[in-house]
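Look for subunit A in each of the two complexes below; its partner is subunit B in the first and subunit C in the second.
Our next item is the complex of A and B:
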């Protein structure tokens, strides 16, 4: 295998495919990326066997072939070469990477050890705008759990709801729902958020084809593809958690609320809740930490309903408010011990249900 | 069990060679023939050992333990401080820890927590290789064997698989499906369970005990 390419382009395809490479894989071969040259196309594949990222680049191909090179080292080596043309040659168990003087000779990994990976998947096929899709995923992703011991909660549910695609995530303390209108529905499919989080950086934000299969989900743009094993488990029945209506409704500036919660967080840290007294004219926000002190402030807001004091985990509250796209936030409540619903004014596409903390 | 406390050196020859210089050590010869040499520290591993089957040859001031693979452990005694032998009898095995036993009790009282329509047949249902924690029937009347662990690891799935193999030989019960229950189930254990058609359920011990946490949950 022998190619020549622009440094920045080659570094980019290696780094993006390398995002699927785990740092703690027990199999040495999975520390590498597979580079395949055929015709004038270089295809780079990185995988941890659950997530696979493939990237492609038009190159000056001097000799077809295949090799597996250490993912992180090769990407960094190319990136640190002087700008301009870079050549990569695999022969006799080594890969030589050179460009304008410096020369790396890296040990190849055994190409025959690289796992045989399925090419794409069959299933429901959707076309989405990459930018709005990744933005929607990041809105719901804040509510996905990072606890691998409960895999069901580490995923984002893709679900058809009439002419709308619905994305849902929950870690059992909060639940985020994002509707994407005018995208055909699909059978409920649970896709790991740790893969979805990579979509923007790995594939860019152009037009994206999404295929949701029985075992895998596949996402592809003109910059490459990402496939991931779906989570085969039943997502919690979240619909019953979303009430039709709430008796109390607060409308407040997103910036004012975020700034205030940010100040309260200085005192609260993660485990102390912020207390919101909701009443006509606004919010009395307060936080008290016995060994440190307290912070209190008033936030102007419109409020309709009975006076109510409710407390939330500061990080979860910040996550939800930050995820709303509008400048004004709606916080709907019914009871200090029942979940509050955060959304944007005139924006029903995104809802964030947040469980309060008992005072 | 034979117990010797002595100043000794120990030499191992086999896959490699290893030498323990002169020091005071505890040497144990267990009823099954296993020989272990311990230092006065650490609760887990002997400094050197020879599993059964082996042959222990006692010479003057020296024991030579040889196994069928030709590996050799030589213990050379310079001074014996203490020696005794005691008949210990059969070991009853490891008792379930408190949390696991309590989980079993709590879940037996409300098996519906594990799945809608599930009813209890009996706790500790006997099989030829030991009792399965709970034997239940699902809403369709099918038998479900439930294994409960504090931490859901691969060993637990293997254990349930063995129970299922025996239970499914009983025409009165078959087909018997498996349900693996733990506070937390490791991804590898879940993968193995999925592969074997065993369902997994994670349970919240505090919730089962009715202990309130200030952090409320949606479900």
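Our next item is the complex of A and C:
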């Protein structure tokens, strides 16, 4: 295998495919990316066997062939070469990377050890706008769990609500729901958020094809593709958690609330909640940490309902408020021990249900 | 004027706590028989008012039976958030007297008030003062047992009920203790009682008069020794509270190494269940969960995981412990010792992040705890463990605790 390409282009395809490579893989071969040259096309594949990212680049191909090179090292080596053309040659168990003087000779990994990966999968195919799709995913993704002991909760549920797509995630303490009126709904499919988080950086934000299969979900743009094994489990029945209406409704500026919670977080630790006393005149916010001190402040807000004091984990509250797209947020409540609902003013598409902290 | 209190240990037990909290919110319940618990087909009594107890209703009884015995009782579904809130206020009052507070559940605690000897003439004055505060601040009744140690204080509070106090004066412990039926030695299972009755032991005094080797023959040496200590009114355990426990665990050594994955998993689940009971009893939840295995060759492996929100339920502990267990390669070696522990402890009365999962689970765990308090740790176990023979333990690591 022998190619020539622009440094920045080559560094980019290596780095993006390398995002699927795990940092602590038990198998040495999975520390590498597979480079395949055919015609004038280089295809780079990185995988941790659950998530696979493939990127492609038009190159000046001097000789077809395949090799596996250490993902992080090769990408960094190319990136640190002087600007301009770079050539990469695999022969006799070594890969030579050169350009304008410097020369790396890196040990090749055995190409036959690289796992055989399925090429694409069959299923419902959707065309989406990459930018709005990835931003919707990051809105719901804040509620996904990072706890691998509970795989079901680490996923984002894709499903139909009426005729259109709905995305849902929950870690059991909060639940985020995003409706996508421009996209058709699908059968319920649970996709690891760990993979979805990579979509924007791995594939860019252009037009994206989404294929949801029985075993894998595939995402592709003109810059490459990502496929991931779906989670085979039933998502919790979340619909019963979303009440039709709430007796208390607060409208507050997103930035004032975020700024105030940010100040309160200086005093709070992760497990210390912020108390919100909601009343006609707005919010009295307070946080107390026994061995440190306290912070209190008043936030202007419109409130309709009974006076109520409810407490939330500061990080969970910040996550939900930040995810709202509008400048003004709505916080609906019923009881200090029942979940509050956060959404944007005049924005029905995104809802964030948050369980309170019992004081 | 510095003299010590002879009976510095208080056991404060709220009277029919759930019922009284419900009565605060609905005064029409006052003076009537009230039963708190699930009203469904398999509902269990979580608490009964004294009026209902007069008809033979008691906690952990199936609701159907309770209704049969006392058809006029008002059945109220448990509102656990409210109990937690009031419990926190009760414990705040305890801690305003002494930092040495050891919670046993939401509605009872041991207090070591030795440090108050300069402020009060007698521990009875302390107890009256605590009862007065609970009455004036919260409008709730509480009973207090006063004694030289925890075991006697707990027995004394039962004598104090309802809404009273009872002191076991130093020096007269055995006069109080020995006429009591042996069943009052709390925390010992049915099988042990049966074995003791077979020896003709009816009262605590009978037990105290029985030679240790005879008792040990019947109930095992660790249990026998423990029971005899109690029967002589001896209980050296301090009130554990304040700075308190750093971690709580449940572990056992097996007479025969556990080899199959199934046996190991079941043992871990059993320990999760015991750990859950211990955490609840001491009013804690843990954020760091540890699984420990010692193999037949005495190599020991521990794995731990810190979760975002403190947990104490069996199913939550099991979720984490099972994932940790999966990371340990026992490679066919038999497991000699196995344990599950919780660290990074958070007091149950501290603020708690609520979860959307398992609504009603606290009520079920509370009911299970009532049954365990009476019949021992193994009286209620997860379904997967039903029909397993008792653990063959070697060593005294799982000795009975009160």
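Everything below uses one rule, namely that the second predicted complex is superposed on the first by the 359 of 359 C-alpha atoms of A that agree within 3 Å, B and C clash if a C-alpha of one lies under 4 Å from a C-alpha of the other, contacts with A are read in each partner's own complex, and residues count from 1 in each chain.
Criterion: a residue touches a chain if its C-beta (ideal position, glycine included) is under 8 Å from a C-beta of that chain, and two chains touch if they have at least 3 such contacts.
Computed from a predicted model, the values in this text were never measured in an experiment.
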Inset, instruction - Consider subunit A as the common anchor and indicate whether subunit B and subunit C clash or fit when overlaid. - result: clash
Inset, instruction - Would you sort A:313 into first (subunit B), second (subunit C), both or neither based on which partner it touches? - result: both
Inset, instruction - Could you look at A:272 and tell me whether it touches subunit B, subunit C, both or neither (first, second, both, neither)? - result: second
Legend entry - First (subunit B), second (subunit C), both or neither touched by A:355: both
Inset, instruction - Applying the touch criterion given at the start, work out whether A:239 contacts subunit B, subunit C, both or neither, answering first, second, both or neither. - result: neither
Inset, instruction - Go through the superposed model and pick first if A:339 touches only subunit B, second if only subunit C, both, or neither. - result: both
Inset, instruction - Could you tell me if A:148 is touching subunit B, subunit C, both of them or neither one (first, second, both, neither)? - result: both
Legend entry - Residue range of subunit C overlapping subunit B upon superposition on chain A, of 55-63, 109-117, 217-225 or 379-387: 379-387
Inset, instruction - Report, in rising order, the residues of subunit A that make contact with subunit B in one complex and with subunit C in the other. - result: 148-150, 170, 172-173, 175, 236, 241, 273, 313, 337, 339, 353, 355-358
Inset, instruction - Enumerate the contact residues on subunit A facing subunit C in the complex. - result: 147-150, 170-173, 175, 236, 241, 270-273, 311, 313, 316, 336-337, 339, 353, 355-359
Legend entry - Complex interface listing, subunit B residues touching subunit A: 184-187, 190, 194, 202, 212-219
Legend entry - In the complex, subunit C residues that touch subunit A: 81, 84-85, 88, 305, 307-310, 319-320, 322-323, 346, 350-357
Inset, instruction - Under the touch definition given earlier, write down the residues of subunit A that touch subunit B in their complex. - result: 148-151, 170, 172-175, 232, 236-237, 241, 273, 313, 337, 339, 353, 355-358
